[in-house]
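Letters A, B and C mark the chains in the order given here, with residues in each chain numbered from 1 onward.
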Amino acid sequence: MLSRRNPQLNAHGELIHLLSIEGLPREVLVHILDTAGTFLSVNEREVKKVPLLRGKSVFNLFFENSTRTRTTFEIAAKRLSADVINLDIARSSTAKGETLLDTIANLSAMHADMFVVRHGESGAPHLIARHCASHVHVVNAGDGRHAHPTQGLLDMYAIRHYKTDFSQLTVAIVGDIVHSRVARSDIHALTTLGVPEVRVVGPRTLVPADLRAMGVRVCHDMAEGMRDADVIIMLRLQNERMSGAMLPSAAEFAKTFGLTPDKLALARPDAIVMHPGPINRGVEIDSSVADGQASVILPQVTFGIAVRMAVMSIIAGNEA
Amino acid sequence: MRLLVENGRVVDPASGRDERADVAIAAGRIVAIGRAPADFQPERRIDASGCIVMPGLVDLAVRLREPGHEHEGMLQSELRAAAAGGVTSLVCPPDTDPPLDEPGLVEMLKFRARRLSSCRLFPLGALTRGLQGDALTEMAHLSEAGCVGFSQADHPVRDTNLLMRALQYAATFGHTVWLRPQDAWLATGVAASGAVATRLGLSSVPVAAETVALHTIIELVRATGARVHLCRLSSAAGVALVRRAKAEGLPITADVNGQSLHLTDVDIGYFNADMRLSPPLRQQADRDALRRGLADGTIDALVSDHNPVADDAKNLPFAEAEPGASAVELLLSLALKWGQDDGVGLAATLARVTSDPARVLGASLGALAASAGRLVEGGVADVCVFDPQPTWQVSRHTLRSQGKHTPFDFAATGTALPGRVLATVLAGGVSHEDEPVATAWPSGAR
Amino acid sequence: MSTLRLDAEALYAELLGGVRGLLLPDTVLVGIWSGGAWLAERLHADLQRGGLPGLISSALHRDDYSARGLAGAGGATRLPFAIDGARILLIDDVLFTGRTIRAVINELYDFGRPHVVDLAVLVDRGGRELPIQASFAAAKVVLPATQRLTLARENDGRFAFSLKDKS
């Protein structure tokens, strides 16, 4: 079949879009992490700006609301000296008639250089990348339940920062895996970077057996999932899941799969606890754990800015 | 008009005929197969040297979008596309706008199709009013207006009591009920359950969506004795259930569409919306079982499942795109490709798009039943002449349908399809003739 | 065409002498990644300076980002001293167009306002495209613009030059 080249890479194997971690070679991921390290030190200088994206326009296209993600992308772009335009395209305005591709065409006519896209449907950034002009770069800020590659990368940065060597780790991801784009990106990144054991933990309705096809070990028991883990990634339980067909209640989830101190005690003594945020205290994670010594949730945010600066500066410098 | 189709290889699956012969046609009927009568003076000749002369194709699933899209001239364009694909009879589902639940609508549709003289049109009537699944339609009136069966299209009846009553009622008059085996609640996803849907983060349709519905339908057939035609099998488990039901002697027939026969979920690639189809593409094992089922007769017919979708409805994120593909022009080629790939003989291959679908329609075809899907002396002159040698590249430039989206687009598959229709004869008149189009037919000299 | 041979070790000895002449007690050595950084390291040791030499990368301020993209992450800038009011001596292996020095000075200014910035290099090959000069150069040569001169450091720490055609 034709058209099978990964649309994120140009003919030289360089990154021109970041749509998904899946299909990216290990070297590309490592390059992003190394570059993020440089930007982390930039963010500690007095002058936190570098001129790499000066004169470029970055459009934040958020079809799904997210102040926190949008803000980190905005900070990252501004630290690269780019001009940032935020577009909150609520569902209702697209329902008024303008198609996604018409929106993109109009914005391209305004000389956009980069689109940072968050959309409720899996595959939307791929559609945009297929149809925008060749000099425009697309960064996926989260599409449906498919991918959230910058989150996956910043999670890897955090793990590398605290644990150094991926090849010795046991990582457990807990929660609503089947609906989670963060989980999918984390899983692809972990397996590409050589983590030998990646576990997904949760009830069968949220963690179905066919996840095994992604190269992970499926656990339906929290104790089993936590045993000797080096890294625990807790996912946010979304409100829609908590009532009804998938899960009876938040309280039930907290009881069976919530990360409490005694569950954490089953993991390695030096295990780290991560969460993409925002956290639901008392549901997927106890306050004492979220605020405790093992938690690296706040550093993740700092890493997030550096990782996004790395991604944007790498792709903007490569031609299609 | 007197027409002579000469020098071709005549293949008629129903009778087993496969020989070089001429076909003489007059007044809309086949006068002779073999040698034309000595005094037969044709007004027109078609030289079928190197070609196969077969019965016109019978396609059991073609959406024409009319009523509903009259302003776009869809009826005309889609019927012409059918003729270009060698199709002489087609069945359309009742999910038009408004649905075909009133005899007047059916009569109007048949009238307009007859005037266009491109293809015979056999509509399915709505099984329930407005396809809502609440109340039965006037099946006797509708069948008098021309409906060959009754269907819910893609709107499953949730109320099993009503479904049973509908089957009983239809059985009273000997009508066939055409049902998609699709559970309303389990089939809300956009891609088949499996590794691909999981990886791509697409909501999934488990096999149970088809098997649960099949079990229900089969039970109701047992209880009512109604004839049911199952539309668009998509899974190995589904094929197995149908095989057992047929072995039991239940009055069930089934079809499969060209997409499920040739493609799998892996072909979705990077969210290619041309692969957004209903039923969704399943895995390799399902495709293999469907192919075996079509070969051994468990599945009676191959259909195109033609559904012209506009660009605006496809250039969307995968889950938002409208499912469907233009396919009526590809039916013959897809049948030939299946036959070639799986070593199914030519007669059996062509049977699945001629005599077998005609058999599914059975008595509902009325007078036509005796010769539809066959080449019979004295029967209707619905003929397709095609050259099996050349291949063609499917693209928006070579498709005649107004819908330009198909998963078999050469740009996506890199595979050209076999077979080229030279001429289609409908009721003794030429409904389609191929013009040599250099870009469309890159290979195969005649 | 005669092959030009530059003895890096011999030139280093010259550089050492030249830098000694430029030093004041509060001068800090800052090596430009990568060749300049190696030189600064060795100079710092040979001159018995206290503390650590600085390392600076031009990557974030280069003017050829649009054409070349982001250069390899390479050595990140490491300046373990205050820049405000500092007396800085930049060390580099080859001075050519002057663009790297321009980028490095911009990078320095992200950290503060130095009092004085000076430059010493191993080889000045001319071909300046900006008004930049070195206070000391161990050698001045003219090379065809199509050739690239870089410093290499062998496993035993010895310096050597490499002259290649740009591909």
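Observations
Throughout what follows, contacts are C-beta pairs under 8 Å (C-beta built on N, C-alpha and C of every residue); 3 or more make two chains touch, one makes a residue touch a chain.
The model shown is predicted, which means the values in this text are computed figures rather than measured ones.
Centrality annotation: A (chain centre taken as mean Cα position, compared with the mean over all protein Cα atoms).
Distance between Cα centroids is largest for the pairing of subunit A with B. Centre-to-centre separation between subunit A and subunit C, using Cα means, comes to 39 Å. Put simply, the C-alpha centre of subunit A and that of subunit B have 45 angstrom between them. Mean C-alpha position of subunit B lies 75 Å from that of subunit C. Counting partners per residue, subunit B has no residue that reaches two or more other chains. Touching subunit B in their complex are the following residues of subunit A: 1-4, 7, 22, 99-101, 119, 121-124, 126-127, 131, 143-147, 178, 181, 184, 208, 210-211, 213-214. Subunit C makes touch with subunit A in their complex at residues 57, 59-61, 65-66, 68-70, 72-73, 76-77, 106, 109-112. Within the complex formed with subunit C, the residues of subunit A that make contact are 14, 31, 34-35, 37-38, 41-42, 45-47, 49-52, 313-314, 317-318.
Within the complex, the subunit B residues that touch subunit A are 193-195, 198-202, 267, 269-273, 312, 315-320, 411-414.
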